[in-house]
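As written, the chains take the letters A, B, C and D, and residue 1 is the first residue of each chain.
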């Protein structure tokens, strides 16, 4: 076991997978110098320029080249520095990579990974702070992972690289500095399995990436109100562990979905819709969501905090769901 | 009143608005020749090349130029021939147009429209058949309209052009040939107001663009089962007439959301989530969705039909919601 | 089969001619079936442009990659893709090369190295780079040929792809089929240089290479040379081949934005007539040439008959095949 | 103010020098405040590149547009944007030019014709086309200046924008600030031609235009000429100005991928030293030059003090201002 930061966990996993499989090659901007988030540090030195390919600022070429190479049998891992930049190569991701296996009747496959920094909290502004895993969830044919901790970064990235389908890995930039014990050697977290990080009986808090931390903190605070919250880390959106969430919600009867996506249309809406269809009888209170506000993300500290989800908002939503003496009381039927 | 096809309604409205306001200019591929869907027929002839601008195949330049021109006071209407191609200029739409007003503290505005052909049903395949209004709904800062008929095409497009914010208009390509009486002269449908096309008391069917027709047909069929369905045409996703849908659902207690978006994450999930949060006590049965399957769209006729929503699926969902003697019975609590 | 008395190069030339004739008749047949309402979705045909697909195809080796567009029937067929499976794909019958999921715009034959037809303009140029990049990394001597149109030279993906191929010295030959039109708009009206591809080559440190795209031998020579360069580690070439599509942008397009004289003048330069004249000049008999045409015609007819009789697709197949394990589950 | 006895062109030259000095000191101050943790988010500074912003700014007329990137402080200031409002924006204090919503990467001043700083590489080149397109449609004689870096020449939006500007003859001057690096990667390593912008100009039917970007007078002359061409209906120019950033890609970047000798050699070519030497050669006294520096320094200090004392932002302002009516309602 080694203490690793989330960013080092990414670099270590890339190295591990590159040692394991010579078909794993890296492509991206400034990755040779270690990457702007230091997630590829040391890899050019270890693997040389035939495995680590520095590119021009050409996101379409980067992702398109990864696609072509994967069709020819390699397992490229492309970096999109900030996930907001997916917009500059969205055709390659949404229209080509996601569809080519299906539309060729299964002839071509894309065992590739695209990874990069996602999410807000660091004052990077409207064009460098978005959580855009909802964009990807709109498009059938791509898998979506988003680790909430260093150890998960290891396990999910390894699984993504080994998967025979295209996987987008959304690393959360506010977590890069977070540190945790990471298993040595092989550590692979199967895609499509949510983790129950804290069992609880009163309310289910569901998070992804950075919002998992909000859920955990909220759960701590809620113990003060004698609310016993279960915390679920979704880990992947596609495949989605709907059964895991449903099982928890059926037990607790209450749920707060905590997403950084704008509530207008984020993964929280996707999960809420499933609950509304399939856990309707089991819910004791309405589904609650804590989402990013439906607004671009501002830079100034207080302003950004007002837009992004917060522990306070999670606690309030959970309390309102559980507080049988409060305003939610009349809404509880069972 | 004139009988117009949906495609002619688009052309007529563009002409009407161009006559009304000389700041309205058109930009797009092959629009001078009338456009591949004939939605700009006759406009180059009437308005000349200083109002109708034929472009190279350069979607980023098209949408970016529209943005810049709108910042300088024009009211450009850009055509993106097939909405799938938004992927090639998604940065301009999602990261620039949607955000520039907010991130400049209100200094710059983008009173522009981007319009084009959306949706499936004609065998155009995975890259030319998507309903991608869900992509746009993921991004705060853009308005979204999608007319279900020729008269609505007139009213919503006119409203979009006159709006001071950016509006994406998703015309449904399977509706272009549909024909209807359209009001002469001014006809503007305010953005953000859903229409109740058929009042009913048992179940609310909510559609958008081509799925409105599915809802109407389903409502007809359901009368045979003595089910009185209310049909709502959402018309716009942003602004969303959530109040209109909530009011209907509070009355009927049952809802089927009928979307062409993949159910994985489409507007149906967005509306379902709102209902799960805000109409929980009023729902007599679980929220039901009929969505596009979570798969790319195939070409062959029967295959495409199996992926897209159908009248049969709407009828079945509505029946299941209403059939108190059937398997949904035990789910009805009120 | 060309007569046994012929020299082998002469035989090969006659085979190329036969391929061109076959592709022409195949496209004509698709056009006819389209008009009968048998082809679902759009069909972008390539009559008039056969010399490029066949010329390039003739210098590709087995194991090489090629990749093209929605106007891709010829490119698939020129690699040996079974025409029956292509036609069944267009008709939505069982036995289609993509199982009815791809249709006309997405014809693909992995087995023949034809790595797909793509329907978003420009999108496949970066993908072509990726194929060539894989060959470079693996150290094989495979070459990738990438077909695209004149209109494609104005989209961003073109620029990013050619630059990447150039800096990495990728073994890819970009073949621009300049047929003078994007859809309805003349390319000259929307392009800042007269030769949309060749005049851009220097912007990537590449020489300007043009070829008469209606002359199959010229295409062979120029592209063959580019391929040998690529195979030898000399990097990419951007070739502009001048040609013309006899029909509209797609089978649905009457193409009345073009003058009759323009169309007529290009039909005089029909690549099939040119190839036939060249063969005749080289001493191939009228009889041998007629045999070729008759055989291609019979084959087309036979393929069409069989395709129209093929069983319908299993509709349930629509709901599988999204993931590489054959499934389409996105949640549990 | 430069002394009253000076000729007006000499006074203007001294004013330009003062603007360059002020921008340098402003950026130095931002750097210092960044190091103190006062600046939230990234700050991309432009020390070393001042001659381009000031040279171009000096030939723009009121009413003209300019547009730039995340490295945009200089471009905003060179149009007359109040430095205090820029600094408050960076510090997230009230009175910021974008209300604290934009920050360093999105400095904008509509009032001064500076139509925004954009943080996605290449995105603003099409927008610049749109500004110029509007001028053309309205028949005004406004010109748009569009700043971007060498790294930007390899992204698709660059290609689409320059082609569009060229075919429509738009009144826009594209100014590439070639500082030899994208972020950490030397531009030569990822670009297929030695001069990333100038060597691409012919691909759009435009002449290759280069200028020493550290010589404010040369920039004035070359860009001024391009602007007159644009204003007179002669269409766009693509100018490549060679320069160097003294610091890292952003204030957080130690830039240890560059050799000390490389940095030192460029610091010898510092545009401020060059301008100062030119002024001295033209007879401007040391005293006048020192006055300029002292004034710029005092102003920077005063602005910083005021900005640091400015009240905090109203946090609620985050939740409004998405739509042009000032609201942010997306549903009822």
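The rule we apply is simple: contacts are C-beta pairs under 8 Å (C-beta built on N, C-alpha and C of every residue); 3 or more make two chains touch, one makes a residue touch a chain.
Given the structure is predicted, the values throughout are model-derived calculations rather than measurements.
S.K.: Comparing centres built from CA atoms, which chain ends up most distant from subunit D?
M.R.: C
S.K.: Comparing the two chain pairs, does B-C have more C-beta contacts than A-C, or is it the other way round?
M.R.: A-C
S.K.: So which of A-C, B-C or A-D matches B-D, with over half of the contact pairs the same residue numbers?
M.R.: So the equivalent interface, with over half the same contact pairs, is A-C.
S.K.: Return the distance between the CA-based centres of subunit C and subunit D, expressed in whole Å.
M.R.: From the centre of subunit C to the centre of subunit D is 46 Å.
S.K.: On a C-alpha centroid basis, what's the spacing between subunit A and subunit C, in Å?
M.R.: Chain centroid spacing, subunit A to subunit C, equals 41 Å.
S.K.: Using mean CA coordinates as chain centres, what's the subunit A-subunit D distance in Å?
M.R.: Comparing mean C-alpha positions, subunit D is 36 Å from subunit A.
S.K.: Of all residues in subunit B, which are in touch with two or more distinct other chains?
M.R.: Residue numbers touching two or more other chains: 55-56, 58-60, 84-85, 87-88, 91, 95, 102-103, 125-127, 140-141, 238, 264, 293-296, 298.
S.K.: Which subunit D residues touch at least two other chains?
M.R.: Subunit D, residues with two or more chain partners: 96, 100-102, 106, 118, 120, 123, 154-157, 160, 163, 167, 189-191, 322, 328, 330.
S.K.: Which residues of subunit C touch subunit D in their complex?
M.R.: Within the complex, subunit C contacts subunit D at residues 154-160, 162-163, 166-167, 189-193, 199-200, 202-206.
S.K.: Would you tell me which residues of subunit A are touching subunit C in their complex?
M.R.: 25, 50, 53, 55-56, 58-74, 76, 91-92, 95-96, 100-109, 111, 140-141, 164-165, 192, 238-244, 274
S.K.: Using the touch definition from the top, list the residues of subunit A that touch subunit D in their complex.
M.R.: 29-30, 32-33, 36, 54-60, 84-85, 87-88, 122-128, 264, 293-296, 298-307
S.K.: Help me check something: in the complex, which residues belonging to subunit A touch subunit B?
M.R.: So the residues of subunit A touching subunit B come out as 84-88, 90-91, 93-95, 98-99, 102-103, 125-127, 132, 134-135, 137-141, 238, 261-270, 272-273, 275-278, 280-281, 283, 285-289, 293-296, 298, 331, 333.
S.K.: Could you please specify the touching residues of subunit D with respect to subunit B in the complex?
M.R.: 65, 67, 96-102, 106, 108-110, 115-116, 118, 120, 123-135, 137-138, 156-157, 160-161, 163-164, 167-168, 321-326, 328-332
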